[in-house]
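Multiple structures follow.
One chain, chain A, appears in both complexes that follow, with chain B as partner in the first and chain C in the second.
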Partner chain A sequence: MERLRPWLVPAAALLFAVILPVIDRTLPSALSIAGLMPGLMVFAIVALGLNLVTGFTGLLHLGVAAFMAIGAYTYAIATSPVYPFQIGPWPGVFLAIVVTAASGLALGLPAVRLRGDYLAIVTLGFGEFVQDTLRNLDPVTKGTMGINPVPPLISGHGLSTYYLYLGLLVLAILASRNLRDSRLGRAWRAIRADELAARSMGIGVARLKLAAMAAGAALCGLGGAAWSALQGSSVEPGSYDFQLSIGVLCAVIVGGLGSLPGVVVGVLLMFGLNQIVLVKLSNAFGLTGANAAVWAQPTNWKYLVFGLALVLMMRFRPEGLWPEEKSP
Partner chain B sequence: MTLWDILLQQLITGTANGLIIALVALGYTMVYGIIELINFAHGDLVMLAAFAALTCIGACGFQPAADGSFPWGALALMLVVVPLFAAGANWTIDRLAYRPLRRAPKLTALVSALGVSFILVNLGLFWGGVPMEVFGHGRAAASPKDVPDLIGYRNLLGDSAVQLTSKDLLVMALTVPLMLGLTWFVTRTRLGTAMRACAQDPIAARLMGIDVDRIVGVTFLIGGALAGVAAVILALSNNSISFGMGYRVGMDAFTAAVLGGIGNLPGAVLGGIVIGVVRSLSDQYLATAWTNAVVFGVLIAVLVFRPAGLLGARVREKV
Partner chain C sequence: MTAVLEVQDVTLRFGGLTAIDGVSFQVAQGQILAVIGPNGAGKTSLFNTITGIYPPTHGRVLIGGREIARSLTRRTVWGWIAAGVGTGVVASLGVNLADLWTHGINDLFAPPRPFPWFQALAAVFQGLAPTVWTATPFLLGTVAGIAGAASLWHSSRRGPDLVARAGVGRTFQNIRLFRSASCLDNVLVGMHPRLTSRWIDALFRLRRHRVDTAEGTAKARELLALVGLEDQAHRPAGELPYGHQRRLEIARALALDPTLLLLDEPAAGMNPTEGRELTALIRRIRDRGTTCLLIEHDMAVVMEVSDRIVVLHYGRRIAEGTPAEIRADPRVIEAYLGRDGIPSRVQTATVAPGVRHG
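On to the complex of A and B.
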């Protein structure tokens, strides 16, 4: 029984996730959320990618939205019927992961030698750079229109999409957990704890930071491809902005940097609040129309909520709501 | 216009814009020099101050003069009220969001600054919804707000092809004396000396009897006031403000501060002018759509190849 305990909560959470669509059917449509969950799962995958870089390795990364965008656009270009390639959804996902990991390496090569806050700024600059490039390279990326249509990962009704995305999320969690407990992951956490000491113990700091950037980017690329498939469009470049990068960071920090259950909880809370609760509140109570005051619309409070969450967490609980377990 | 005229014109415009960037960059660099914090919220403070400036215009009913005369009174009032507001806001932000984290790991305060930035953006969005005439009676809060063109347009070089407008002159007439004054303050006064001491070594400064918290507070006050002046100039010269403008302003200014060597005051001014000119040249000779990417390209190149910046301030990791 004692050995089963660590599995209790994950198993209960998974069971709940599996039966959620069934419960959801019985709810009135204003409270129905199952249709919105695959989107949240995508952001949880992206957050797990960020967690490899920021949570495990301790590198502040402010440009994850760019990796998501690269994944989404690679998938869109490889599979969309408006391009000649049309290699099919799963090869498209694979290609998106490979291309995004390569772009993570490309960003990492100059960046990993920089100290903490400068690294953060370079990743931020990279995010802007990618956004501008996607917007300006009209012939390839269709500029501000975005690429559409993009085929879904799986045809059929919403239920199969739900379970497929749940499966992808579980895979991402398992991959993160295995990475964390591997030789690589232990070296990453050594770098996070004390870079100088890690270097003295013979850890190749620059090379391992590079590996973290590439692995994190790969997960973000998977998230981006899944997002693009879910939306049926690469979505316009402007949506992969600084706010999205910070939103993901915010979720990871609120949940607990480096803690896998924490990251998932953080995404469910923050993105759930942003994409489900505030939207439902706005639909139910929000005043619309030309004369409505701006603060009468709950979705207009989202930056305040995210900002306050960051400031208050840093002040009172910097380790997050579900902190990482101290390794023995 | 000849090719040389075009180049000269871009240099003038670029320098004027660069001086505004430099004012904001000073706020970044002073704070970084003392507490090693990238104050992400600084650009958004400029945005809020610009909203304060427009509120001031609306509340006092300032209008462009019919005879095109210079609005001395309006300008003087705004240059008192807005910097006071911005300085107070910046001090309060430090007191509430950064000071409690002084002993925490460095990234903790940085994340807190990101949070403050988001809060300020949201406040700016709400401010745009205030039912005043200048804010379009609070309708369409998120859309950019027009600022009445109080300064007007006049080419001070007569009818030459190259233009030095009254707005360019306003920028220079305000920023250059402020920068000279700041230099005097930092190098010649007791408070300025204390500031430099804190930047060099906060612990030694405390041992010498300097109240470091108070000095940091003063730094935020000064940085905020400069941001307030920059906001007034920005509002009056661009004639349009929006709640999302802080990000762009902040990024340009931060790039300028890093380019000049973060923590280095003359470096921030030099970096600001360089960024302003690079932007202008990129607008003219490349394409406006690529200018932001060019600025970030410059930033990444500087950080990677010359992290100490142009004026080579010390870059020593405090362990």
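On to the complex of A and C.
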């Protein structure tokens, strides 16, 4: 029993996630949420990617949206029927992961020797740079229109998509856990705790920080590709903005930096509030579009909620809702 | 026989301050050598120079007879050139991407006609023909790439990680454990260069990862037992009492299988009993074949444990010898107590410039 205890909560959560679509069928459509869950799972994958860099290795990264965008556009260009490549969904996902990991390396090589705030500024600049490039490289990216159509990962709607995205999220969690509980993950956490001590143990800090940047970018790329497949479009460049990067960072901090269940909980709360609860509220009260003043629409409250959540967390529970275990 | 460590005429300056001034000494295999000296004598600076945290302003540190720095091989240079050319190609492609894509893909793609791949390739090559707009970014990119790669190489040429990999373990004066990690994990981090699993092994839990974990954990437990912390394996390091933390740091440094172990004030804050236990531990470590270099203020420990002693004073080596010789050396007594009980600095200031008195 003692040995099973750490598995209890994840198993219960997974079971709940598996039967959620069934429960959902019995609810009135105003309350059903299963259709909106795959989007949340995508952001959970991106947040897990950020967690590798910021949570495990302690590098403040403000440009995850850029990697998500690179993943989404790589997938879109490689699979969309408007281009001749059309390599199919799964090779497209693989390519997106490889390309984003490579761009993570390319960003990391010059930046990895910077410390703290300076690295954060570089990643922030990278985010803006990618967004502007995608917007202005018209012949390749179709500018502000985005590339569409883009094929989904799996044909059919609803259930199959839900379970596929759940599967991808579980894989991302397992990958994060395997990396965390390994020689590499221990070295990452050593760098986070005390860089000089880590170097004095023979850990090549620059190389391992690069590895973290590449691994984090790869997960964000997977998220981006899955997002693009879910939306049926690369989505316009402006949606991969600083707000998104900050939103993912908020979710990771609220959930608990470095804690895998924490990251998932954080995304469910922050993005769930934003994409599900506030939307449902708006619809329920008919407070949408021209029916209501701008300030009265719950969908417009998201930054208010984000900000409030951050302030309250920092005041009452700075280590996050589900903090990292002290000793694995 | 070459010395495990040879410090040759090392000088270390920070701006106008000379922390170490022309210090030389050797440590032979299996020896325990202590570096002593009053506060501010440059002992910790010397350790930081040996471990590669500060490059010496002048002089050399040889470990096992060689200086620890990546050497500039032909392969390194080819690597820079490859990185440069790669950057150049990417830059050239990047600058012309819009045109290349338009001519190579958008103009040729007209379904249901099958896409003419060869024609597309030809268009791309044609687009990359040398003109101002392809050659300039290529050249600039190449130069920038080579310069970047060379500067990255240069900045990682020396450093504490390389010295550690050469077999030098160390502890810190102001304990630097990974406080939230367990004792076992601390030792496993110290074992990092000796383990071989890579990211792909970890990601898919391949055999090498499992073997690494099992063997590493077993060895880490042995080391914890050596320092007497075997029953604390899963406790976070930060929760241990102070004396235990010092011993855990030694276990972590030993995880490297070091040929040379640097201990920076291992007995600081210990009572006499703990001091005696520490002496026994250092002896045991030496008997396992590890040469030890320690900085220590606790004279009972120093006199008890060391084979030789080097005395630093204001960055200079003022004496070297066996404990008995050092105890009797008038220069050492003066450095610690001052001449006739007057602090030495005051004395030099008033006596040495004989001109004023003469």
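Everything below uses one rule, namely that the second predicted complex is superposed on the first by the 321 of 328 C-alpha atoms of A that agree within 3 Å, B and C clash if a C-alpha of one lies under 4 Å from a C-alpha of the other, contacts with A are read in each partner's own complex, and residues count from 1 in each chain.
Here, contacts are C-beta pairs under 8 Å (C-beta built on N, C-alpha and C of every residue); 3 or more make two chains touch, one makes a residue touch a chain.
Keep in mind that what you see is a predicted model, and the values were worked out from it rather than measured.
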For this session: Tell me which partner A:110 touches in the superposition: chain B (first), chain C (second), both or neither.
Result: both
Exercise. Regarding the shared-chain residue A:178, is it in contact with chain B (first), chain C (second), both, or neither?
Worked result: second
Exercise. Which partner does A:125 contact after superposing on A: first (chain B), second (chain C), both, neither?
Worked result: first
For this session: Figure out whether A:211 sits in contact with chain B (first) or chain C (second), or with both, or with neither.
Result: second
Exercise. Which partner does A:194 reach: the first (chain B), the second (chain C), both, or neither?
Worked result: second
For this session: For A:30, select first, second, both or neither according to whether it touches chain B, chain C, the two together, or no partner.
Result: neither
Problem set entry | First, second, both or neither for A:4, with chain B first and chain C second | neither
For this session: Examine A:309 and indicate which partner it touches, taking first as chain B and second as chain C; both and neither are also allowed.
Result: first
Exercise. Chain A residues touched by both chain B and chain C?
Worked result: 110, 113, 196
Problem set entry | Interface residues, chain C side, partner chain A - complex | 51, 53, 97-99, 101-102, 105-106, 108-109, 111, 115, 117, 120, 148, 152, 155-156, 159-161, 164-165, 170, 172, 176-182, 185, 188-190, 192-193, 195, 197-199, 201-205, 209, 212-213, 216, 234-236, 252, 256
For this session: Quick one: which bits of chain B touch chain A in the complex? Just the residue numbers, please.
Result: 36, 38, 96-97, 100-101, 104, 106-112, 114-123, 125-126, 128-129, 131, 138-142, 247, 251, 254, 258, 287, 289-290, 292-293, 296-297, 299-300, 303-304, 307, 317, 319
Exercise. Quick one: in the complex, what on chain A touches chain C?
Worked result: 81, 83-84, 109-110, 113, 137-140, 175, 178-179, 181-187, 189-190, 193-194, 196-206, 211, 215, 324, 326-328
Exercise. Of all residues in chain A, which touch chain B in the complex?
Worked result: 60, 110-111, 113-118, 120-122, 124-126, 128-129, 132-133, 135-136, 196, 242-243, 246, 249-250, 253, 290-291, 293-295, 300-304, 306-311, 314-315, 318
